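Below: one structure in structure tokens.
Letters A, B, C and D name the chains as they come in the text, with residue numbers starting at 1 for each one.
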Amino acid sequence: MTKSVVNSLRGYSLPLSPSGTSATLTPPPWHFSGEVVMVDYHVDPAAAARFLPPELTPGTDAGQAAAVFAHWQWCSEPDTESADPGVGQFSEFLILLGCEYRGRRLARCPYAWVDQPVPLLRGWVQGMPKQFGEVHQTRPIRVGKAGPLFAAAGTYHGTAATGGRRIAHASVNASTLATEPPPLHTVPLVHSRVQPPWLAGEQPPVELVTSTVTGVEFSEVWSGDATLEMFDALDADFASLRPVTVERGHVFGYAETLVSGQALS
Amino acid sequence: MTKSVVNSLRGYSLPLSPSGTSATLTPPPWHFSGEVVMVDYHVDPAAAARFLPPELTPGTDAGQAAAVFAHWQWCSEPDTESADPGVGQFSEFLILLGCEYRGRRLARCPYAWVDQPVPLLRGWVQGMPKQFGEVHQTRPIRVGKAGPLFAAAGTYHGTAATGGRRIAHASVNASTLATEPPPLHTVPLVHSRVQPPWLAGEQPPVELVTSTVTGVEFSEVWSGDATLEMFDALDADFASLRPVTVERGHVFGYAETLVSGQALS
Amino acid sequence: MTKSVVNSLRGYSLPLSPSGTSATLTPPPWHFSGEVVMVDYHVDPAAAARFLPPELTPGTDAGQAAAVFAHWQWCSEPDTESADPGVGQFSEFLILLGCEYRGRRLARCPYAWVDQPVPLLRGWVQGMPKQFGEVHQTRPIRVGKAGPLFAAAGTYHGTAATGGRRIAHASVNASTLATEPPPLHTVPLVHSRVQPPWLAGEQPPVELVTSTVTGVEFSEVWSGDATLEMFDALDADFASLRPVTVERGHVFGYAETLVSGQALS
Amino acid sequence: MTKSVVNSLRGYSLPLSPSGTSATLTPPPWHFSGEVVMVDYHVDPAAAARFLPPELTPGTDAGQAAAVFAHWQWCSEPDTESADPGVGQFSEFLILLGCEYRGRRLARCPYAWVDQPVPLLRGWVQGMPKQFGEVHQTRPIRVGKAGPLFAAAGTYHGTAATGGRRIAHASVNASTLATEPPPLHTVPLVHSRVQPPWLAGEQPPVELVTSTVTGVEFSEVWSGDATLEMFDALDADFASLRPVTVERGHVFGYAETLVSGQALS
């Protein structure tokens, strides 16, 4: 286990403690397995461009976006979470914007919300702009009538709220098996790692960082018509990313192992 | 839709309103589909007997008990919940005690905890003693490494807490396909419908009520060794139901439609 | 302590248990001390009338309403809550409508939200239509700059949300000491005690019930201009009670002991 | 307002956005006004020493510690929080250890818990090891019976839990007016600013940082006998800081403005 050695105090993150076991975050790698409800859409290309740092360009499909609802189960190596399922699970809603770096297709995440503190803080370590919210999505069922049957056509919904305000609602009428995964879920994310200045006069640099992932797996992907509403609950910057057109929706299982970050180059 | 007509005000439950649409609870039937992690165990037979009203007897397997963790998705008829998944889902932890009424095998629920207000209040309508808690359980996964694979052998955990205190932890090493469902999950529940007295001198009767359910379905059931800890976090009555022996655990999908109650007879 | 004796099982409410100590609710009386932020307003008189059962009339001030935000601390007799402050505190938002019964001035509560399960369930025992929500209000401060100073002029806010949707926002510019408490906070509440039907064919009566309170105390009351917004987040019945005119706001401490209910007569 | 300029993207913290208004954190200064329930105690001096980085020494009162429960109201400059009280309030439980740097008395915070995401993340910017928890404390009342009267003798309690486990309970029998504030609440905090390594091979430095505060104010301080329990709910490092002796408790209002950090020197 990689640990920061801080004098006598240890830990991958705060809180540091004598043996390092008090740290909120375990060091990577972290294994994730999740269920995803995703909607492809397009935003105003000019609005999307304003969310890109100058190193990145919109590329060939300006305004390309996706709204992603996911329920994640995760564990560290060694696994210290699985015996406590309330620790090793969270729900997430995020927005992706298609972009390019020197001709390489990437995705930029301008906003993300999670409902647990560990992924919130772990996101900030990576430069992923996670905030706290309430995120819910339809679960497939094995028996009965209260939802879409597992591994079959059916309708899925996702909702997100923060601070007692609804910010998004999506629905996907998953009707056919897709032949390949949705493109914006197959490209690397590129984040701006930001350290807010705290010491007088401090100006910490902002680094563009992509994530190294291994073990990517998709289950079968069910796709179909979709709807997506983004509500006027936050600021004008968020509102500028409202859907102009809504395309297909997708429902699938997804796994990856998040290993480390690397400076964009 | 069956509605109580209350003068001009309408609604199956509070809040009553002019059109009845403000009621917290929809009228039955309610369709449930859930994922269950369950542990069979035995408690001190004398302790179990103290939790039975005099109409009921322990019967042939005194001290028989089960701890049940479930994640439920549910909807009404017509379905007004599925488009808002945060409304139509909840987690539950409950304890069951085997008992008999005139030779008929039943289950008594002395304690239950849920994490949403609608099932809490709906439980009280039925006489089911639901309280508020935090309940978590392992989810099977489709791809990756962060949990047991769906429809296969694997280890599942469940935890329950209330008021910032852990009350139970269970684990099930689901290793083999069972040939039939766990007995305590196949018999009717019998509840004491209680209306707390509020008017001066009021002594509302307590009724023993069983539930009429239709559409019962089990998925395949995976069973195996199990552990169960009940923590000393509540009162002595709760503590008296600690496991004396722990038997098998089970993991399965389950569905039912809850239609109405009927007086025990 | 008044307890329902239920065969061998005891408790003022569910869950019944051998010694009665597991019950979610303690029996009355319950002592309450709270901080209140309140706005007087008027709704469409026809809308208000539709929320009254036929025994009640709008009376002399048709459409009179109030929005009440309160933070409560409470305890039972004997006090089993004070040592666990998370149990003995909750926040509440409720709406009051002025009404009359045979010339006697009363208040009707069409909607209420609380953020803890005990007051939710205790409300239903009384016929008070409490639901689950997130309620926040400004606290007065003793030192510093982060709020209005205690027992002085200052601006207070209240917000309420439910299910991830904002339902109300109020502000009170408390500028002058009032000579008497706000009228709608001085009259008895009259509730419809409703037991949702569960047994086949059951039609439980609905009773109009007022509350017997003792020990009513007001602190000094600061009053001034106010704003009140009700958002279009719920059903049309709720929306019909939007403010038509907004009058004065009030900030005060309030205490009462809730003793029992009595049938309206 | 000090803003990080990140190419075209702006914001004091993540999320960066075109106008900077989406950032979770506002830049300092932040004004705080709070109500504090605090217990002085001593831990095993050797255990306390293990929580200090080598630059710091235990100093003259080895093992000196305090448990601090606080409810905070806060706002930025300009004030963007007061109109939304759910944003500008949080509860906190923290532990302090007395220490020295070159003969100067300081306090070290090995553990802290808050119940809102903004103070959680803002703590990490400063090196303060905040985690997520549920924290509750008695509120003084103005009228009635449900608590201690404001600005008078009375009993106060505080509780803290995290992940569904109770970690601490304190009580203070505030009986007399103290002549000066509790010493550990009057000295600067010294934090280790930690940036968890994420890029391959990265070893970010750990900096010892104190906070620059202005506008410190104490209300009158009520003191008296106290109790403090720390529960065995977390790791052995946390358990090593259990009370060996418990001294006086204190209840008071406190305010400060947090301006910036400065490297310890």
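The criterion applied here is as follows: a residue touches a chain if its C-beta (ideal position, glycine included) is under 8 Å from a C-beta of that chain, and two chains touch if they have at least 3 such contacts.
Because the structure is predicted, anything quoted here is derived from the model rather than measured.
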Chain A onto chain D, rotation angle from CA fit, given as a multiple of 5 degrees: 180
Contact-richer chain pair [B-C vs B-D]: B-C
Gap in Å, rounded to a whole number, between the CA centres of chain C and chain B: 31
Whole-Å separation of chain centres (CA-atom averages), chain B against chain D: 40
Per-residue multi-chain contacts in chain C, two or more chains: 84, 86, 134, 159, 163-164
Category of the chain touch graph - line, ring, star, complete, other: complete
Of chain A, residues touching chain D in the complex: 2, 4, 6-9, 11-19, 21-22, 24-25, 27-28, 50-55, 84, 86-87, 110-112, 117, 120-121, 123-132, 163-164, 192-200, 203-204, 206-207, 209, 212, 234-238, 240, 260-263
Sites on chain C touched by chain D in the complex: 31-33, 35, 71-75, 82-86, 88-89, 134, 136-139, 141-147, 150, 155, 157-159, 169, 171, 215, 217-219, 253-257
Parts of chain B lying in touch with chain D, wherever the complex brings them together: 134, 159-161, 163-166, 233
